[in-house]
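As written, the chains take the letters A, B, C and D, and residue 1 is the first residue of each chain.
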């Protein structure tokens, strides 16, 4: 679906400092994990994950980073922007017991995804991580979904103390050990793990059927180290230009698959083969940038 | 790959007549790999320049009925990193690689050629025709037969690889330009680059859709223009032609060959039919040969050479 | 017809901005009538020549993804019978008629103009650009700004009707040609004629599909090229432009206007959407105005004039 | 349907002098009355009505007239030609009592049409006319259909003596008179009319629901004069170039309708408005040619 459609911004919500959610009245028909390309025709067209999508409305949640997103932050309700999409692969819709691990501006896509997962009857545990309280996203929205929500901050200013991966490790490693798996993840410091304070029920997280992650690449890389044998899907970001699979900007080594078509959501068996995962990505010229 | 798809191109035996053209899914070694795994017989790198280029700001592509506009703006990691990707590809694959380079003057083309000489690339392609950088660089080189002759002659003197001239369709007299390339020593021609350029407008915001305003046309709708130019040129030169422009299915590839192409590029069709498009077209070519009683590609006839 | 579609063109009030272009459904008075009945605001005759022409042998049209090739070969009943049809049309309709004429030299254009002066036509359009008769006539007139200037200047001296110059898209520098037309006194420009030409091949019979081998491209896929040329020209001339090339729906027509067109031709789209296409597009234009808060066509903005 | 398809000639049958039927193995999906455009890429692409069309085969029946048809007559089975179509309007499929009036190379399309009419349960009377015995077409094929077949020759060398219109007049005028219609057709000479010898049953032709004609324009013009109030459809021929409704060669005055799209089969209410009917047509340049 590459049709371009120009839409009025229907709603703008300040989430936290430098992150806003923009909503549009349009039947996008997206699947969770997919993204759109957004432009204001003033220079730049950029990919954004879909943070909510109902029958006649959708939202994207954007972090102000550079030139394009800064210009976007000056727009008002009623201003026009133009989108293409939705593009790319989407998350597998499990109906089992699933763990969602998210960090930063990449978390909101899990809001849309959680709603779909709930419809299919999944049991969801979501680790919503940020460095500090002021950077935690969608706390209220996730809270209202009735999922096992584990908010966590690196500095402990809200929810659990520790990174998303720290929390995931606690949940998964105990499980891995139960199952006596061969892979031996490095445990690190588990002392910051306080299940009692989390509003999440210990018994629910015993055995996960599927793990999903969306966040900084190094978070996902670390997470991969503690997952063991469980099936997973990660949402990747790479520089995107065409979003229709012809320009080659977004391919990942060594497979050459395109994150705008075969991604951005990649399954375990693909992720395991990626040599660039957590090592480097490419800039607008195609030059490698080390993480 | 099927034996019947084998063909020769400038002394190389290639397993399929299908070529990944410059600028399409070729920014990295792995992008080149995936096309070969999906059936391309030759791959071309993104047109490399001396320095890295980030290209134009987006939107850089825009769809219309029958094709796409693009104004990538020759984004590429520069000749050094670009050749590193090609070398990495060649460590994993014996598929021939065309190294495409772009410059705006003889000197830079010569510098690029020296770099390419040190690489594992198999052919050197001179992109003389990129229409997306008109603003920056003026009329495309490929519109002037003297310029074309001068550049190719100079490059041929030092190139250790066979030299392919990529021509622009947006010229009055393609034949004189092709002949200039041939007489300067070009080993093959690659045609056509994108058509136009063209433009699209967002009617709600009253803005050009492409930030660069203009973009070159590619995809199915440029096929008739490509066929015409290839046919016309084939009748008048004796070097092989890489034919491209809108090839989407086996019949399109056969049309290109009948018009005069030795091998055939498949670019924008990756959008329409997936990266598997190369194998799909390979199979369709075999089906065509079966149905029409051709044993191999060499038997596929060229259109009679006729005056235009 | 809706009041909001009314517009002015060279002093005429027209009830719709949509024009039936030259060569499409216009060989007879009744063909012209059916387009007006279906919503066209202005109709153009087939390009008339001094003598009747039967045109090229068939096939004269060939479809491809995104458009059509045609090589009608300027078939027409000749200026005398052609004007008779136009007069018959004007007896039944007050819709303005553009009389298109084609010649290859000033003298013939002048003779044609004298005939047209005696007719009931409302505008005289000089087809300077037909690409289907390359063989016969060489490079199109519209590629030479001096020729264009010379012909228009001569015709303007004797024409009793406003003179429209129909330009070819297949030139390097449309602006200098448009300016030559303007400075010679042209009252308006009509652009674009068909693109290319192109060619298609029947792979089973190994023959060009068109008997004339080459045909001009029309239909949706030429829209980006038309928009680009119209936009570029609009920024540099002060006479109105009839914009055409691939218009198929209301948004396309709006795009043309935003690029700089005063009124908009709809030709090949008759194939895609039926002869009712004019009314369909009229309605879509009104819908567009409703949705975007424009009261009438005059409020539809032009794209900012920008350097290309 | 404008897709071009290049086919082998599967069968060639000599019908009579200068008329051959060419058959092709191809699922054309045509409707009766429609035509195809045929070319050999050697100069000329011409319209021909479909004389038979089954699930996987179709035929056209061609009269050698000029350059193009002469070249066609030199082709052999296995030779390639290329077609576009089927194009145009088709005959209304009645299930009542119908009269088909045909003349010359335009008759064979009634073979295809009759088969479809029979399927819908129509009662068919077909007047198959020619100048003389040697020019009568499809006598055997029509004979096998089990319809009321009236073969007729102007010179009486086979079947009835008289033109198709003479025969039609006999059938229709008596009926008209029975129904005491107002219109008063000119009867002309009816003496050549011998129902007894025709193998057609008087009782069947009393009252027609629908009349169809395909033949020389002057035949149809004359027929129109004897039809009265009955519904009818005529198959028209005009010079055709594009066959897709854009070039305008085939429009008819004063309506401007295109015979390649709105025709070649036109209903009574349209035919009645045609001022050029039986008066003139246009040549390849668009010049009017008087009949």
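Keep this in mind: a contact is a pair of C-beta atoms (placed from the backbone, for glycine too) under 8 Å apart; a residue touches a chain by one contact, two chains touch by 3 or more.
As the structure is a computational prediction, the values presented were derived from the model and not from experiment.
Asks: Go through the assembly and pull out the chains touching chain C as well as chain D.
Replies: A chain counts here if it touches both chain C and chain D, and no chain qualifies.
Asks: List the centre-to-centre spacing of chain B and chain C in whole Å, with centres computed as mean CA coordinates.
Replies: 34
Asks: So, what's the distance in Å between the C-alpha centres of chain C and chain A?
Replies: Computed from C-alpha means, the inter-chain centre distance equals 53 Å.
Asks: Round to the nearest whole Å and give the separation of the Cα centres of chain A and chain D.
Replies: 69
Asks: In chain B, what residues contact two or more other chains?
Replies: 204, 207-208 - these are the residues of chain B that touch more than one other chain.
Asks: What residues in chain A touch two or more of the other chains?
Replies: In chain A, nothing touches at least two other chains.
Asks: Quick check of your reading of the touch definition: is the inter-chain graph here a line, ring, star, complete or other?
Replies: Graph shape, chains as nodes and touching pairs as edges: a line.
Asks: For this structure, enumerate the chain pairs that meet the touch criterion.
Replies: A-B, B-C, C-D
Asks: Quick one: in the complex, what on chain D touches chain C?
Replies: Within the complex, chain D touches chain C at residues 2-4, 6, 37, 39-46, 80, 82, 241-249, 251-258, 261, 282-288.
Asks: In the complex formed with chain B, which residues of chain C make contact?
Replies: Those in contact with chain B are residues 64-67, 69, 134-135, 139, 143, 172, 195-201, 203-204, 206-208, 213-215, 217, 219-221, 223-225, 227-228, 231, 246, 248, 251, 254-255, 258-259, 288, 292, 301, 303, 306-308.
Asks: Which residues, counting only chain B, touch chain A once they are in their complex?
Replies: So the residues of chain B touching chain A come out as 23-35, 37, 46, 52-55, 57-63, 68, 70, 72, 75-78, 81-82, 85, 92, 202, 204-205, 207-209, 211, 267-268, 270-271, 274-275.
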